[in-house]
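What follows is a set of structures for review.
Shared between the two complexes below is chain A, which pairs with chain B and chain C, respectively.
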Partner chain A sequence: MSIPPWLDDLLWTYQNLIHAMGVNGLLALSMYVVLAIGQLSLGQAAFMGLGAYSSALMTLKLKLPFFVVLPASVAAPVLVALLIGVPTLRLSGVYLAIATIGLGEVLRAVYLNVDVFGGALGLNGIPERAETWMIFGILAAGITGLWLVGRSGVGRAMEAMREDPTAAAVMGVNVPRYHLAALVTSAILAGLAGALSAHVSSFIGPNEYGFEPAVTILSFALLGGIGTPIAAVAGAWFLTLLPELMRDLPQVRLTLNGVIIVLAVLFLPRGLLGWRMGRKAA
Partner chain B sequence: MTLPHAPLLTTQQLTRRYAGLVAVDHVDLVVPQGGVHAVIGPNGAGKTTLFNLLSGLVTPSEGRISFAGADITAQSAHRRAGLGIARTFQNIRIFGAMTVLENVLTGLHPRLRSSLGAVIFRLPSFRAEERDAVAGARAALDLVGLSARAADPASSLAYGDQRRLEIARAMAQNPKLLLLDEPAAGMNPAETVALGELVRRIASAHTTILLVEHDMGFVMRLSDSVTVLNFGRQIFTGTPGAVRSEPAVVEAYLGARLAAKLQAHHG
Partner chain C sequence: MLAQQLVNGVLLGATYALFALGFTLMFGVLRVINLTYGFYFSAGAFLSLALTRQLGLGIWAALPLAAIGAGIMAVGIDWLLLTRLRRRATAELDSLMVTLGGVLALYSAMTAWLGPDIRRLPPGLVSADSFVIAGVRITTAQILILGATLLLVALLLALMRGTRLGLAIRAMAEKPDAAGLMGINTARASALVSFISGCLGGAGGVLIGLNFNAIHPYMGETMMLRGFVVIIVGGLGDIRGALIAGVALGVIEVLTAGYISSGLKEAVAFAILVAVLWTRPQGLFGRAVMRRA
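Right, the complex of A and B next:
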């Protein structure tokens, strides 16, 4: 299969941007999964970092092939999600948010101080093994899978929990189990995003997975909406493309980003794409 | 295993304490199998706390709860739903953004068995299960007369219809015990009469009803037995006829002085 030269040029020129759209799309899905059940967990950047560091080490130190590294990159985030998930099951709202921000900060300190993670310099020379089709294939699978689950009884339970966890429990929804499952799914998606981004950018550092990226990932889903998985991805793409469109105005870029989020929260509380998941026979 | 005449639900010395307050104080409740049973009492008597204890939203400070022959004291709310305890709420708690039908479908949640694989690949087993669930939910909507509103957002229903929706959602669970927390609150007399007919229709050998209600006419017309709580203590259990002539109950509602005056008046 050959692609036309103009498309090849386009892909080459905007390669970084296209990769960022795919990776940020996955991170938006990771955020969507927890927001969709009504939990404010901000550990997505931390899970991404675990996926990035563990996959980079597997490639650099263990010389494993990428088809092994990529699936294995979810192990560390999932393990940590289970470790923090169980004790924080009873937390919700701002308490869970604070606990998960804490996770990111703890991990940042670990990356900075443990030699194998390269300290403040991070890890360099990661071979570029992730392909564009892999990133978008995983993103498409993620959107499709979450959409299909969302349109089943599981999706009804998720929406019910988001609206009223007490009433959902009385309906027989195992609320703690859903919390844990959502956190683990979120960790898998963010871990894959981390592994993919590490293997397209050749460098990773401890500050890429701290508080600021955690808030950026939250803003993807807030801007896009959490009614459907595609809405959150649309939010991520909007916020990824926006800085590129304003490349000539670097001094107002961050400001405008902030203004857009404030306006979205005030005037589009359900996000850019605010509609609900349509369910058959409903 | 339930013996034919064994009670459906019993509590032994069930107690819930809050700082400086005993909301439910050593209550020995017995709910027989079948029929309609009422818990009444003045405001703050502990009726809603009792319901929260029975449905697993509040853990007891003391005492035990047995349901259908098993001790359920340590079971979580969702497990109790699976065992056959359903409830409605005094302050309506429907899922407002979801459709009427989806609300009722959540009541069928414990019966959904499809694996994640079956859900994602839309296997025939999953499709059949969803079809059955929708049919069950529609039957529950028929029961309360809300079928025509199935596709509407639940928040668009009128107040009385929202109460009916809560009952349909609970009935979709096919409960052995249905707890109705003030079902007639805020309803006009015509709606209350219709609700009474609905409650009578639902009550069967399979579904026993326990209700908390302030509308005494409603309670007296419908109930087979009445338990009276006052300051968390159980002060009377008996038939609706007997409860009216029980001095302790009259005193709880009217206060000792007025009760004594009435007593003197009627001889």
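Right, the complex of A and C next:
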């Protein structure tokens, strides 16, 4: 082993926290993609739940290997994203927000009441097949990919759409198509996050993907800022590390998440890390 | 059996309609989807609990007082969260996010303070008698719920259609800038709309608390799903649509619970929401102005 023992100890002790940072980073990216074009989807936690449940069922019932399960885990979230996204993304932003905000609670009721999802007990004994390097590899790929897209002409179109959709459309940006692409990307990232988290924690339950996690994911992106993908991830990491200091006070932590969103929207619309993408003149 | 379920459904739906009415009114006039609205529902229920348990008031006193209390909260919270955003270019998205953060903070602070347990109104608050009319059983609580709902809806329609204040509110819904130029105090009218919808949400909380006798901090959040379904199906900002869609949703839920499974009523409600978005996003009654991106 080339890893020094103290580092190995550290990684072992804080394994759950490190995994949570990776998974929450992916969720922050999933939120960033949608916010970056000026839309608000609150379905990230629900998409994550769909990825987690569908991947866990593929592993447990179909006995598929993880390298098949992981890519296949994006199917269910993407399907639901299309079902909701296609009709709403041509309309003003409130329709997408309304349709996605209820999604998590609806799916929770479905997980609780349909036998194959294990009811209130959830799904247990999921083999721990996701490795730390996989989580951070996908996170790094996501950051890099979104960074490259953001620096390109597509990024310029995204920023234009966020600032003024009408003007962007007049300049020839196909706004509905971008909206749908962003929502699908968002569902893919959240679905992967769900599959990975299910395969590091061995247990998933119906209450993990409802309203509170959905809002928490929004607070990741708003705290860090939505100018760059890395800022959103930094926001997620900060808010993942913070609760370690007040682990026994979950309600206080949630109150804080809510207050962070309020303060960020009112006073810090660019987030704490208000960087912008560097781009050459066209 | 079917007749009994239809009656139960209509009575439940009347409360949904009342709740959605405040929600759709706020959107129709102020052009914001106010996600803190569910909190006023929980707040109304808890206020009625405090008024009846601690002060020993009867339901006839507790219901209006709790509704007014929720309305006052709504004025304060909306002012705090929304006034700054009104002039922003991205006000629509920003107000969604700010009210979402606000409502999470409010719910979790309330849970930290009062605990997550389900509470019940004092026994004997409403007489347990029931009446049997043509084989259909109706409880006193249900009669009270229907009466209060009809009264509040009538009061709201009278205010909106019959008074100068209502005229000012409708003018604001039509064209806020022009209404301001015509001498309407738009800040005061906005506060009034917040107050009215807070009252409607709070009254809904008391009545649902009475109907199911289960009060807990997050009850407003489960109710919001119904609110979303009703205002989309009825058409955003459409008062008549909200009334019809609310009653229809109550009937559908009761029938789903009766004939399929009570665990799937949320899923059925959501399927209706998605179906309407695909086919008639302007709402079933087609009067709400559909706003394209």
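By definition in this document, the second predicted complex is superposed on the first by the 251 of 282 C-alpha atoms of A that agree within 3 Å, B and C clash if a C-alpha of one lies under 4 Å from a C-alpha of the other, contacts with A are read in each partner's own complex, and residues count from 1 in each chain.
Basically, a contact is a pair of C-beta atoms (placed from the backbone, for glycine too) under 8 Å apart; a residue touches a chain by one contact, two chains touch by 3 or more.
This is a predicted model, so every value here is computed, not measured.
Asks: Using the superposition on chain A described above, determine whether A:207 touches chain B (first), chain C (second), both, or neither.
Replies: The answer is neither, since A:207 touches no partner chain.
Asks: A:164 in the overlay: touching chain B, chain C, both, or neither? Say first, second, both or neither.
Replies: Both partners, chain B and chain C.
Asks: For A:148, using the defined touch cut-off, is the partner it touches chain B, chain C, both, or neither? Pick first, second, both or neither.
Replies: Once the two structures are laid over each other on A, A:148 reaches chain B alone.
Asks: Just checking: does A:132 make contact with chain B only, chain C only, both, or neither of them? Give me first, second, both or neither.
Replies: The answer is neither, since A:132 touches no partner chain.
Asks: In the overlay, answer first, second, both or neither for which of chain B and chain C A:276 touches.
Replies: first
Asks: On the superposed three-chain arrangement, identify whether chain B or chain C touches more chain A residues.
Replies: Answer, by number of touched residues of chain A: C.
Asks: Based on the superposed arrangement, let me know which partner A:215 touches: chain B (first), chain C (second), both, or neither?
Replies: So A:215 only meets chain C here.
Asks: For A:172, select first, second, both or neither according to whether it touches chain B, chain C, the two together, or no partner.
Replies: first
Asks: Taking the stated contact definition, name every residue in chain A that is touched by chain B in one complex and by chain C in the other, in rising order.
Replies: Chain A residues touching both partners: 163-164, 175.
Asks: Give the list of chain A residues in touch with chain C in this complex.
Replies: My answer: residues 38-40, 42, 83-84, 86-95, 97-99, 101-103, 105-106, 109-110, 112-113, 162-165, 175-176, 179, 211-212, 215, 218-219, 222, 249, 251-252, 254-262, 264-266, 269.
Asks: Which residues of chain C touch chain A in their complex?
Replies: My answer: residues 33, 35, 81, 84-85, 89-90, 92-94, 96-98, 100-109, 111-112, 218, 221-222, 224-225, 228-229, 231-232, 236, 261, 263-267, 269-270, 273-274, 277-278, 281, 290-293.
Asks: Give the list of chain B residues in touch with chain A in this complex.
Replies: Contacts found on chain B: 55-57, 76-78, 81-82, 86-87, 89, 93-99, 101-102, 105-110, 112, 114, 116, 119-120, 122, 126, 130, 133-134, 150-151, 169, 173.
Asks: Residue numbers of chain A touching chain B in their complex, please.
Replies: By the definition above, chain A touches chain B via 145, 148-149, 152-154, 156-157, 159-160, 163-164, 166-175, 276, 279-282.
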